[in-house]
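One chain, chain A, links the two complexes that follow: it is found with chain B in the first and with chain C in the second.
Entry: the complex of A and B
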């Protein structure tokens, strides 16, 4: 039996989506796509840090369905990004004036990466928060 | 009023386990004469509350040998901090004499020699004696079990944890949290906890479908003791479905969830808790990090990483207690809790020297009764070892080297992988290897030994992944456990590099050639977390190997080169 890389990983543990393109190429492409997605959302405006609470697992139990929640009080518009996914934009959220500015969902992550939330506030300024989520083969334990 | 910090510093001498006996060439009789039960139990009763902590017993009802690690590297902020201090450095840090009973209990040095003097440790009947003695001083002492209790032996496997449940219930715990218990399957876990006379807790055990706290487990319980309200919050092992087969408990999700831990601390404080205790299975480094993030926890009773530290470790205002594993130690922690504050304490990590501490007769009889139906299988001698067999250590242990040798031989593999578990007692050179001993090192509900072909690139990917779970500088991204043990292949590892660049010089030992990323190798291993893994049970593979060899011999493993600088 000649086992593929994907099968071997599953054999080692939890589901892990692995891209078969060379890592350096894939990473550069993902970085470009991420920069482009951020620029499209902000129009190139400066982005402050903080003001948003982002809840993610530190290590994903299953990379195919990772629970992600954020709370961005006062946000008008929010983009949720998976920085190293082939397509980094996961979703956009638009909030009404009386909304709490929070939401939660489940997303798919193609490997260990930063999950990023950028919010456009009522005054037109931008702020962001990011957290690393590890997608691992798993196994072992103490 | 004396500050918490002053108390902790003042306590150093008092909290050290009973020190300074003899040298390593003492005969066992002499060692036993110099050690007495009264000395081991000697304690100045302090304050108004007593906590008793046991954890990671791994179903070891009978006394065992357990060699502590030689290599236990810390990274990031944990570098050079307990528990990442071993051997001579440990003895120096805690002012212990080489060859002393403390040194034998807490370090690896001269282990085989000292074991002859000081004998086996642990045994739940001895643990019962210690707990009874503490309760004689303080009848309402709280006994808290950190989990990994219903896993790790032949009888525990055969009875699906019932033997341990029955014996532990005789000790009357007040609360418990979990890890390996879930590998019994979630139906079985719910079956057991429904009948427990104490709370099964874990604030981080979630219903996976609804992403809400599970109703099957308590978040915490508030106990009234000595006129104070003591809140005990449970924290189960955060990485259950990653480190162990998630398909065995598909309805639960875990995670550290420190934001919710903060909510729980605030909630119990609002209910008037004078003292907040976290009964944790996070692992020491994760607890150290959590203590710095979550405000208001007075004491974390740590578990999972099997560390035995003879003094509390202070992180900000939080005291971390590490009580070892396999029944080797019981922690007694007396607390002076007044006016919503911790005003003072006294701590002792009590080593359970099985030849010194008398067995409690009731518990001893219960243990014998649990074992009786399996006596013949347990005692069957499969072979002998002329080497010390142990497991603990970051990179290799002779038990796993033996398992890897068996996998390579019996399964005709180029390379063998054995998970970096921290459970599994030691055997002395010259000992018989019984079926019980073999199961102590391999017992689990997903034992299938797989055999598959992997490319060199895949093997590196797997090893890099596991290494990052151990050496990621942020403990929240670590799973605990040790590095996967590798047979048939050598490598060099630089623990301070990022994931993907830690491992170099991967070499196939049988040819001396470098591992080729594009070449395919036959790899045998066990304990895959994947559902439907095929192959014989690991204990059958190893039993066949031991029987064929008669006497096994394991050379020191020199094929892993570790760079820490």
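Entry: the complex of A and C
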């Protein structure tokens, strides 16, 4: 993939509904990793908004196990991302013809952040949805 | 890896969309946690792949990259075209593989 770092960053900036005010290096690094993960998944293609239903709790008391579900009818591939986790990629999903393009799981969230789902549809287009989750106790304990 | 638990309806109508739930016991060691006694990082050992296939056709495949909770749970929907067998598979970083199957009868 020949995407320059600058392009990847610009893409990520446009794609994410993250407030782009890096207050610390750690956060800048997280934004960087996130933009890279998005660019890797889409190959730099444009990402539309909507068409996916994302279910997350508004407030998660325990970051160790946060229920997350999405429904992206007609999706071939989906990536589930946690914008501020040490590694933003949670999981990739590949769906077959019998699938409804949906999945629910439980994930760890290191702190309050956006959970993002990007789907590659059958026609090769990309769409995304993002939701903020407030975490009271982070789940990547160290 | 512990014994998996799957919840699949035993019967369905042709073309019906069913909900499948799976749960497997696994500590999902992230590789970022430090051993409290030695202070050293505990090596990563997570389930990195989960898949479900119906009569040999892949329905869903998940590549786990971390941040999935201990004892990973997956729920998804599937359209049942005919009677058959749903095969589930989990694989972890240490090379352990767990498989189980469930039969669905269309009638």
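Keep this in mind: the second predicted complex is superposed on the first by the 113 of 142 C-alpha atoms of A that agree within 3 Å, B and C clash if a C-alpha of one lies under 4 Å from a C-alpha of the other, contacts with A are read in each partner's own complex, and residues count from 1 in each chain.
Heads up, the rule we're going with is that contacts are C-beta pairs under 8 Å (C-beta built on N, C-alpha and C of every residue); 3 or more make two chains touch, one makes a residue touch a chain.
Worth saying up front: this structure is predicted, and the values here are computed from it rather than measured.
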Between chain B and chain C, whom does A:55 touch in the aligned arrangement: first, second, both, or neither? first
With the two structures laid over each other on chain A, which partner does A:86 touch: chain B (first), chain C (second), both, or neither? second
Looking at the overlay, what does A:99 touch: chain B (first), chain C (second), both, or neither? second
In the superposed arrangement, which partner chain does A:137 touch: chain B (first), chain C (second), both, or neither? first
Would you mind listing the overlap between the chain B footprint and the chain C footprint on chain A? 104, 139-142
Spell out the part of chain A that touches chain B in their complex, as residue ranges. 1-3, 5, 8-14, 55, 57-62, 67, 104, 112, 132, 134, 136-142
Of all residues in chain A, which touch chain C in the complex? 64-66, 69, 82, 85-87, 89-100, 102-109, 139-142
Would you tell me which residues of chain B are touching chain A in their complex? 56, 148, 179-180, 211, 237-239, 241-244, 246, 253-256, 259, 283, 304-306, 419-423, 450, 452-455, 457-458, 461-462, 465-466, 468-469, 472, 476-477, 479-482, 484, 499, 520, 527-530, 533
In the complex, go through chain C and note every residue touching chain A. 17, 30, 32-34, 53-54, 57-70, 72-81
